[in-house]
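Next come the structures, one after another.
In the two assemblies presented below, subunit A is common to both, partnered first by subunit B and then by subunit C.
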Partner chain A sequence: MSGVTEGAIFTDRPRTGADKRAGLLSRMWKQRADYLYVLPALIVMMVVIAYPIYYTIDLSLFRTPASLQLRDKIFIGLDNYTTILSSASFWKVTWQTLIWTFFSTLFAFLLGLGAALALHREFVGRGLLRALLLIPWVVSAVAASYVWKWLYHSDFGAIGAMMVQLGLADQPINFVDNINTALPSLIVVNIWKEFSFAMIMLMAGLQTVPEQLLRAAKVDGANAWQRFWHVTFPHLAGVSTVTILLLMVANFNSFIIPWIMTGGGPAGSTDIWITQIYQLAFGRQRWGVAAAYSVLLFLIMMTLGYFYVRALTQGDKERAGA
Partner chain B sequence: MAEIVLQHVMKNYGSLYAVNDVSLTVNDGEFVALVGPSGCGKTTTLNLIAGLLPMSGGDIVIGDRLVNDLDPKDRDIAMVFQNYALYPNKSVYKNLAFPLQMRKLPAEQIDRKVKEAARLLDITHLLERKPRELSGGQQQRVALGRALVRDPAVFLMDEPLSNLDAKLRVQMRSEIKRFHHNLNATIVYVTHDQLEAVTMADKMAVMNGGLLLQYDTPANVFANPVNTFVASFVGSPAMSLIPLDAVTHGTEASLRSPEGWDLPLSPLNARKIASSSTSKIILGARHSTLKLHKSEVPGSVPGKVYTVEPTGDITFAQIFINGAVVNISVEPSVLLTPDEQVFIEFDQDRMHLFDAETTMALQAA
Partner chain C sequence: MSNKEGRIARHRSPTRRQFTALALAVATTASLMSTTAYAQSVDLSQWSPEYIRSIAGTETYDTAATCGAVVPNDYEGRVSYWYTGAFEADPLIAHEQDAAFWEAFKEAYPNIQTDVQSITYNELLDKFRTSLLGNAAPMVVRLQILGGVEFAAKGYLDPLAPEDVGYTSADFWPGALKSVTWDGTGYGIPTNNETMAFIWNAKIFADAGLDPESPPATWDDVVTYSKQIKDQLGISGYGLVAKQNAGNTPFRFMPQLWAYGGGALDEAEENPTYDSVHINNEGSKQALQAAYDMYVRDKSVPTSALTNTQAENQGPFIAGQLAMMIAHPAEYAKMLDLASQATGADKEVADAVVENMRYGLIPEGPARRAVVFGGSNIHVVNPQYVEGEYDEQAAKALICMWTSPEWSTKLAWVGSNPGHLGGFKTEWMKERLDTIKFLDVTTSMLPNGIPFPVLPEAPEIMNIIVPDMLQNALTESMTVDEAAEDAARKIEELRSGM
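The block that comes next holds the complex of A and B.
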């Protein structure tokens, strides 16, 4: 028993010559108790994460005609990938996905930063305002999508009616039924839904800005804007990177708002990768192509994930070095 | 450089007075330490001088300007903070240049001043580094540099040494003293460490509970503490305080212990007793003024050894006298054992008598 716990706790203990010569397998055998402890978690991860990934990759190499059962799929190598990359709709959807992700992330972050800064100072009703601004983040995305759908409605929508009454438009605008305004309208909803998240993250970040640094800057003659630019903002760099990456991942992957509000329409003008994949798979039963699409999305997500983890651990290193 | 005048300065949060009617003058070129325990109002006072907190009342004059309503940047002050408060994302050079950039000085003038300050503080080789790559002492020197580079009228220092380890603290103490000497700077220095105040400052202001208790040279504060708080706060080990009853017969007076002994007082001390309105007296004595005897001598009082702490060239002992712990220092050759009966002789010229009710020092009428 003592050998087991030693292995578990003192893995960095100085190794003897015999240890070094021993192969990987014998080292694993020596630490078999450790492996045993993590085995249940490993099995669960295998079943719910690794296997679906493997199955998707596998499926992406097959053609799955709707007339055949799934087990009769036909191996076609990388043909699905060529089909996707050479289709005109792929590039259109990709462009829309990039616009969707870029503008949603940018404005959700800026709005969140503004809200966090506004809420950081003491004023009457701060708690109430903070709670109100959190509402978009806590309401169900499905419910919010339906509410916004009605707000945007060309006949009964409150926004259109208000614009007419204010004299900004002669008649209610067709926000989501027009291929030119549908995507921007959805981005507005997405920003509204997400900015509270950025706000919370940045509010937490703001609380870690050392008061003495701000005082030092005040004595050094910095005005409010200079204090923000030279002290607060650099201090928020780490949390900002993490927030932006998380927002990008969420936006690249977002499904509920576009799917419920427009279903990718009109005329595919709000189609992004996820809605496209969903339609290919569950609308048109083109499992193979949908799987290939998913693999591409997976690669992009993994790249973002890499930067996310790096941003997180870099913060650790800096703190450890300080 | 300039003088600082505080007149009836107040700072209260509701009914809590953080700084209560503090008036003092820091002369041009003087090094003044604000000293006291945590929460005594010393840092608040410093922040009021800096303009980082609004005053509740009173006036502050720096140089010949009333600065009550001026922003910190317009008060011509520089500040050094406890945790250095260097800008972590800027190099040492940019940290030093920052206050000058904020004042929109021309680039070549900034460069000249930064290099001059760096040379003065011997940090030229660190200019390109980031603060986190520096040791505590180096960071503190950069913080001093950032204060110095602007050539301010007044330096305000908020416990600048308390984040350093003991050895470095002693070293930086002399560096700051040298800094003061070389620049002939007006410095207000906050510390909770009375030793720093005593060793560095021209004058020390002892505060407690928001009140300024005593403002004088360290030697005077040490020799003539105004009350029991100052007496026990300044000096290490602390001054021993023994509560006793005063007994007078005519012009003579003595202090009586319930333990059954009498300590006759000198004529001067007897006059102090005569001027007091109470017979409850606290006798104060510093360790170095006490003499220890193994057998009774005239004018000595009995006590019992509690602990013995040899430090090498001097041995400190704690003696129980009339229920109070009394610090005393003896030659290392004197061997003492706990619970041993000893006799302590007081120096009548260097003993302190306090009114037990008001805690104030008694004065001869």
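The block that comes next holds the complex of A and C.
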């Protein structure tokens, strides 16, 4: 690296594209051992990530009628994308995906933050409470979905029965068999399942908040809210960004809870992108349309991934700068 | 067999008189189904509860020897097999018979290794499709009657006829063989064929002011009875099932649709061509309206119908909270199992429900009485899509055993009927008739059976488009008319290759 830079200085002329290319190759050659170390991982990634991505993009350009084998697919260019983007169901499912992702992420994060702050203090039984709050995250999503399905059951669910017994309702509440309440009901389950993850991440983040700063702020007369807002929260900014991005990625990709609890119903009211893709591919064998959907989802995931990597490397750059 | 005593019919079936009265109509319909080039191994034109009883136990079979003539019993090889075996919703006897088959196969073919996966009904099609894409399919697969043609049309299955494993086509129901025929070639052998019946709780009927010994005669009566039960007792009348992407839904809704004169295509007609869409005709709309009336207007069916499969209706039924539903022959055995597991006050309720359980014919509609001609078929997969080395002889040995009169009877013990018509003549059929209450009722529905369309698109039509139509209407996302028209548009798009 230094040799090229010095050469550019000594020659005292603007660097051309050829210089840059030569510089890049030279640097790569010098760092060849590093590339060799990561080569096995790169090969594995090529096989298990790059090829499926290529294949999915390729498949998205074909029509795959239910009566034909996949190898007999018909090339139709970008028609699948046009079909998806012009269909009313796509926009309905997209809207539902956004609602699902936004509210799941928001409330899982807020609940996780609250739990992390509460558990950051020393009190009797803190360890036990922390373990209890971790249960939703540890429990298998499949098992949790079945349990919640029965808790919500519209005729014989425990929640509905309890509300009737307490006099809060005349009859069991219709949680998942109603197009207006099904999605919010599933979001509640998702928040319950995810908030522990946010809690763990933020508890780790809280360990980095300097205690002396908090004490100094207290000595200066800052109240609890001011100490949180001006001292604690800024130190949590990095981990919060990462946590929110990870939650968003997980929620965009959610499948188990909506699929097991409602299968996307009733009348498609809990269909989100992933359930729609699954249904198109494995239920209806519209591999081409499902692939096009997947490519669109991939682009969104890549965008989120970019911000995630940037958030992760932000700290490294700051440390390097310091 | 622990519940054997419980299965012994303790009463003369109260609906037996009706069956006798129906015998003529049944025989006429049966004769339509027996129009075939083959002389059937049983006389389908005489099909009636009495005829079934008269032939049961008249012949004996030595399955190992019969199959040994097709594939020598000392043959060494390996076979992989996927099917839907016994699961939690099945009674204990189904689990026992399943285990007994594998023991018998091991005994008959000690040198054939088996690699077997039992996959749930709703998952098998998806998993099989995926395995085919990755050339990781099993050698032999047993699929629901709806599934085979889709794969045959795409070249995923190899031709397979009863003659390939030592039987004749005359040994099987013509309608069942038709369900595995694509482009004039057979791609499978029926393992079991069933039709469902109608069950009701006589005590609930009596408490609601209905005749406890008479099921609703028509589908309009079902709507009326269901409302009366809900109004009088506050419990659900009819066990509607309308879950999306679940096979239970078309098996329970299509009989109603056909009865009113509807259909997905023209599958209910005498000579279907599958060229015209019937899902939006007047009959289909009337059936959809009836479902709407029960769910939305009268609220006389479970609210959870939109997320329920049949398994979720079993609990309310045994608890006396659901009055009537379409059911398999196995439902009675399942209720006995559930009652035997109940304790305390629950047991009293469950025992009372079992005592008051009645089976009858599925109601008729303005056009006909109808039921899905259901069942399963066994297929051999095209070797190029099979994981590992293909072993044709081992596959044949397994298929011969599975489709034999003995095992097609035993493996269908409470849930179905033997695919091999010779099964009706076996001692095991006699034992079934003697020990399984109401078996003659469900068997009597066979001539009313209508097969799903024999098309590669049938699974999507039945498992997705029909349930979607129901959900759109029942959630009032669309009107009944709109839901039917929407379904018709989807079927037309599907048939046009979109």
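As a working rule, the second predicted complex is superposed on the first by the 280 of 322 C-alpha atoms of A that agree within 3 Å, B and C clash if a C-alpha of one lies under 4 Å from a C-alpha of the other, contacts with A are read in each partner's own complex, and residues count from 1 in each chain.
Throughout what follows, contacts are C-beta pairs under 8 Å (C-beta built on N, C-alpha and C of every residue); 3 or more make two chains touch, one makes a residue touch a chain.
Treat the numbers as computed from the prediction; the structure is a model and nothing was measured.
A.B. asks: After the alignment on subunit A, I want to confirm one thing: do subunit B and subunit C clash, or do they fit together?
C.D. replies: These partners fit in the superposed model.
A.B. asks: Going by the touch definition up top, name the partner, subunit B or subunit C, that contacts more of subunit A.
C.D. replies: C
A.B. asks: Check whether A:Ala222 is in contact with subunit B, with subunit C, with both or with neither, and answer first, second, both or neither.
C.D. replies: It touches subunit B, and subunit C stays clear.
A.B. asks: Contacts for A:Phe156 in the overlay, against subunit B (first) and subunit C (second): which applies, first, second, both or neither?
C.D. replies: The second partner, subunit C, only.
A.B. asks: Go through the superposed model and pick first if A:Met302 touches only subunit B, second if only subunit C, both, or neither.
C.D. replies: The answer is neither, since A:Met302 touches no partner chain.
A.B. asks: Could you say whether A:Ala66 touches subunit B, subunit C, both of them, or neither, answering first, second, both or neither?
C.D. replies: second
A.B. asks: Quick one: classify A:Ala267 as touching subunit B (first), subunit C (second), both or neither.
C.D. replies: In the superposition, A:Ala267 touches subunit C alone.
A.B. asks: Touching A:His230 in the superposition: subunit B (first), subunit C (second), both, neither?
C.D. replies: The answer is first: A:His230 touches subunit B but not subunit C.
A.B. asks: Which holds for A:Pro210: it touches subunit B only (first), subunit C only (second), both, or neither?
C.D. replies: First partner only.
A.B. asks: Rounded to a whole Å, what is the shortest Cα gap between subunit B and subunit C in the overlaid structures?
C.D. replies: 51
A.B. asks: Across the two complexes, what residues of subunit A are contacted by subunit B and by subunit C?
C.D. replies: none
A.B. asks: Please output the residues of subunit A touching subunit C within their complex, sorted ascending.
C.D. replies: Against subunit C, the touching part of subunit A is residues 63, 65-70, 149, 153-156, 172, 174, 176-179, 261-269, 279, 282-285.
A.B. asks: Residue numbers of subunit A touching subunit B in their complex, please.
C.D. replies: Going by the criterion above, the answer is residues 210, 212-213, 215-222, 226, 230-231, 234-235, 237, 318, 321-322.
A.B. asks: List the residues on subunit B that touch subunit A in their complex, please.
C.D. replies: 50, 52, 71-73, 77-79, 81-83, 85, 87-90, 98-99, 102-103, 132, 146, 150
A.B. asks: Across the complex, what residues on subunit C touch subunit A?
C.D. replies: It comes out as residues 126, 129-130, 133, 150, 153-156, 236, 243-246, 302-307, 315-316, 321, 456-457, 460, 463-464, 468, 471-472, 474-475, 477, 494, 497-498.
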